[in-house]
Amino acid sequence: MSNSESSKRDDVSSSQSSSAGEPQTDSPSILPSIMGEIGFIGLGRMGAAMAANLVAARRPVIAYVRRKEQIEQLKPLGISATTDMGDLLDCQLVISMLPDDDALRQVVMGSKDDHLAGLAAGLMPGAIHLSMSTISTACAAQLSLEHTRHGQGYVAAPVFGNPDAAKARQLFIVAAGAAADVVRCQPIFDCLGQRTFVVGADQREANLIKLLGNMMTATTLEMLAETIAVLRKRGLDPQPFLEIMTSTMFGGRAHRIYGDKIVRQTYAPGFMLPLVLKDVRLALAEAENAGSPMPSVGVVRDRLITAIARGYGDLDWSVLGQIAAEEAGLAPLQQPLAK
Amino acid sequence: MSNSESSKRDDVSSSQSSSAGEPQTDSPSILPSIMGEIGFIGLGRMGAAMAANLVAARRPVIAYVRRKEQIEQLKPLGISATTDMGDLLDCQLVISMLPDDDALRQVVMGSKDDHLAGLAAGLMPGAIHLSMSTISTACAAQLSLEHTRHGQGYVAAPVFGNPDAAKARQLFIVAAGAAADVVRCQPIFDCLGQRTFVVGADQREANLIKLLGNMMTATTLEMLAETIAVLRKRGLDPQPFLEIMTSTMFGGRAHRIYGDKIVRQTYAPGFMLPLVLKDVRLALAEAENAGSPMPSVGVVRDRLITAIARGYGDLDWSVLGQIAAEEAGLAPLQQPLAK
Amino acid sequence: MSNSESSKRDDVSSSQSSSAGEPQTDSPSILPSIMGEIGFIGLGRMGAAMAANLVAARRPVIAYVRRKEQIEQLKPLGISATTDMGDLLDCQLVISMLPDDDALRQVVMGSKDDHLAGLAAGLMPGAIHLSMSTISTACAAQLSLEHTRHGQGYVAAPVFGNPDAAKARQLFIVAAGAAADVVRCQPIFDCLGQRTFVVGADQREANLIKLLGNMMTATTLEMLAETIAVLRKRGLDPQPFLEIMTSTMFGGRAHRIYGDKIVRQTYAPGFMLPLVLKDVRLALAEAENAGSPMPSVGVVRDRLITAIARGYGDLDWSVLGQIAAEEAGLAPLQQPLAK
Amino acid sequence: MSNSESSKRDDVSSSQSSSAGEPQTDSPSILPSIMGEIGFIGLGRMGAAMAANLVAARRPVIAYVRRKEQIEQLKPLGISATTDMGDLLDCQLVISMLPDDDALRQVVMGSKDDHLAGLAAGLMPGAIHLSMSTISTACAAQLSLEHTRHGQGYVAAPVFGNPDAAKARQLFIVAAGAAADVVRCQPIFDCLGQRTFVVGADQREANLIKLLGNMMTATTLEMLAETIAVLRKRGLDPQPFLEIMTSTMFGGRAHRIYGDKIVRQTYAPGFMLPLVLKDVRLALAEAENAGSPMPSVGVVRDRLITAIARGYGDLDWSVLGQIAAEEAGLAPLQQPLAK
């Protein structure tokens, strides 16, 4: 997983989105453009928004779903769907957006129990699997190897952003894979996000950056929560504190978005706690495997467990603000499960 | 310490600096402007830079110093100095910039051992003590009371920024005190910083915001350190990760400045560890008094203790990056005490 | 996983070992005694000592080993061995002592890659699998179910004690399973340990108690390490402190054994760090699944990661004493890998 | 604070109590026995029990109290009391048992506000101040110096044990001071405790051992709380787990006493949380001064703050069991303030 070639600042190449609906034309002409239908697996809140944006950009999509009723649900978004994964196997590109390692492994390697063949065995040589899920680096390495054995490409391209950002094509994409494969995916990235960061050939690096980035946000939420709880216990309005912080040292998106949520005590569903805890688990495992402890993440982990145990699992991770308040003896939410 | 009146966003009034050397003239005419020499106590790296900026703005300064040789050292900066605190007692405004509660208390309350009278006993009624040190809220409350008893004003105005920012008049100032006193200080703030946030009448609030703000930065340093150590242990260049973070969710000053220092492993003296640990101690005591735990700050506390124990006490707090690396088994600094 | 029946103190039935070599005769006569050879899988340091004790108690053992050369190595201990697991399938009792969930699962469920049939498919109905490994409760539940499907018994009986204790028949055994199965195993327990605690029918409970018990010891080691490091940094001999502790509030085995190791700074291999970290991982996962955080264990986890990263992985978990010393700036071990 | 002389195990000399009421007669005849009334300062729950035991051993006591009504309250215990500290200044021995550094400092150094002269200025040369409070090492050093300047002895002798143990003369005493002074105090120790550990000449060592010992117990409580909460969340009775632990690795007093309290969820007042938090604060300050972090104690600190914030401040420190349960989502106490 060497990265020596990207030690200079400009080695993270980044491309701004071109305008919607207009596939980029400046890819090296030698590489064949992605043509025909794009396969899509994982039509949750994130995936459905992303697939709809592809359709809006005149990129036809064929989605694989598990339950028949989902086919009808996707029609209004212009997305064709099938319950037979075999219908995706002629695609030059298949995008996956799944909740965890196991779900993705099953899609790629197949599953005897479900009589699924798996993408690796089924896709044509030269096809690309564009894997946008948040997964472990071990899983990324395994799937990359499997696709390579079948002469296919595997591009890791996890994203930063919630479903609203996905809808608004405001995702940030971190991409890694064989250079030629990444270049062929670039027009697709331009339909999905506001900016793509290409970090090199090793797919694991993209997944690791995504996990560590989520931990940066999680610990930021925790620290905002801790400071705001202190202010509340002192009888002070936390708003001036937040305004001073975001006007001086912490003007970035994370502090502004989540600071505001915690100050206003609004924890409407967004990034829900069980999924956050899954990412924390993956990140701590990566840290353990790397031999590098992350005690700050341990703090978040414990508070997430408490939050879920108290019935806040359906809320956004900004509910860490509520947990910090409760650790300071302030009252619990009255109807944690109401949305 | 009620703050109910500042629950609306615009209650943090903020004023941009006017151009250098030009005292603001728009203060309510009814309030007498600060005239004559400004007293200055605490001529360390921060204080000396600030006093020099006052002189440059045609505000004469009389500084109190402990040792005679300091008088000569301050001359090139245009600062008159004295070893007799009595020479400051006719000033309408005295600024203090001292390292801790005890030093400041001694200056205000006097000290029998040193035969010092103390500002409270010595200043004229109506004079203002502008206290810019990072101190506890308990100390702020005590000194405010003492000055009130003597008919004097006490304005708390701690600052965000290092000595370089002080020199460049780029400090952020958080001010609290009686409204009339704060208005009279505003022209002075305009000579010292780029922006002033007025948070109300209770001086303690300004000091608490300052301490919590420093904890925000300290935990940010720690988390950057932890993530970058994981990347290094995986054999990856941390630069692309940092660039992606600061281009997406963490575009603020703290992440850009300190992320860069940790990636480049440059820990030249700036905010030195014993002073950081003092602020951590004060912040944890405030949290304890408020009845609101801050476990993320506990993590930083332990790593600072380790850093000082390993001989890194003279370095900048960005050396938390080095401690995270050592917790991951990477090599210690060869010459920690060299600067 | 109900445990209502064991809510009274005396519900943990405990049996003292009878004298060696004399199988207990007071089991209900209705239950057939275990006859013939006892199968044994997992002949590591623990397993080999335990199997040797069975042989010494005139209980013939047939051990399954992976490599042919192990057969010769076990002969001096009086243990017959085979590389064909099929040779164990006629046994009325098979004991397993394996390092982790995966190894045990493979033994019970079989493995296509290795053309292994697996105990569940191969043992006779009525036979008992006595599982003495430290594993997760999820694995215990899965294996119990699998054996039940095949009409076999599954008794969980993890042990407290290191290889020296195993040799000396000083293990403590925590047993759970169907009452009849546990009773049949009791004569075996009497050959292996000094005392058996029967905690009920649910095998998971025995495994959970074992994992939590190990965490009790791990956090004890950590706290001894932290206090002793403080004393050392103050230039004090830690021996009087330890003596006072163990003479007053902490007279138990853990504090006496491990306190002495940490004071004497002897970390010779015993319970090696990667295995400790595995148990920590399992315990934290149990806590997460139960929805109950264990922050004290998080502290140990981070220090174990650091210890392994510094090359101390081959040493005993008492090396946490060394890590605490290094966090206090004391010198690292000169030859961490020497034993 | 050298301790080189006590590096051999038997350097902690320990004396068993002789039978009650019978002063030891084997002290070196060259040292004058303590004669006449013994002064006692600090008649709280601990102090009153200890003073009563002195009286019961035919050692007359003259107690200094702040409020007149206390004089009557102490009469039934056979304790003479006075509100004039001057009445204690002829004593050859004065015992103090006070809540914190400040209270003790005031007693020794005097207080202008209260027109108190202070023990150091008032006691006769050759008299001994036997300081049994739990205080910081810095305070111990300061008071020792002050008494030395006045030709008096200062013996530090903090105790392990709660008020019930004090009543039953079951305290453990850790004593340090000039050898001759300690020997003269030994008959007094024999009236108060079951065993005395003499750790050397430096008084600070006794106080440090006391603080670290309390941290050992605090972290033990926390870990018992964490494990028992996991078992409860799994629907298991924690009693078998505790019984197994105390029967195997953790047979000491702390685990038996406090494990039982946490399992039975009885948190009746004993060692109340604000005093525990004071000791935690002192211990963390000692660790910080020594340059040796104690992260396990940080965990306890945060949970104590939460417990007090939730209204459990009047309960025993075993209420850490309740906090761990609440962190796992279990219900809060219905009437935390009821006793």
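Some points to look at:
Should a chain be cited, it is by its letter among A, B, C and D, assigned in written order, with residues numbered from 1 in that chain.
The criterion applied here is as follows: contacts are C-beta pairs under 8 Å (C-beta built on N, C-alpha and C of every residue); 3 or more make two chains touch, one makes a residue touch a chain.
Everything quoted here is computed from the prediction, not taken from an experiment.
Chain centres were defined as the mean of their Cα atoms; on that basis the chain farthest from chain A turns out to be D.
The greater number of contacting C-beta pairs, out of the two interfaces C-D and A-D, is seen for C-D.
Distance between chain centres (mean CA atoms), chain A to chain D: 55 Å. Centre-to-centre separation between chain C and chain D, using Cα means, comes to 39 Å.
Residue positions of chain A touching 2 or more other chains: 233, 287, 291-295, 299, 302, 305-306, 308-309, 327-329. Judged by the touch criterion defined above, the protein chains are all mutually in contact, each touching every other. The touching residues of chain B, when paired with chain D in their complex, are 277, 281, 287-288, 291-295, 298-299, 301-303, 305-306, 308-309. For chain D in complex with chain C, the residues that touch the partner chain are 1-4, 6-9, 11-12, 14, 160, 172, 174, 195, 197, 199-200, 205, 208-209, 212-213, 215-217, 219-220, 222-224, 226-227, 229-237, 239-241, 243-255, 286-287, 290-297, 299, 324, 327-329.
For chain B in complex with chain C, the residues that touch the partner chain are 233, 295, 302, 305-306, 308-311, 327-329.
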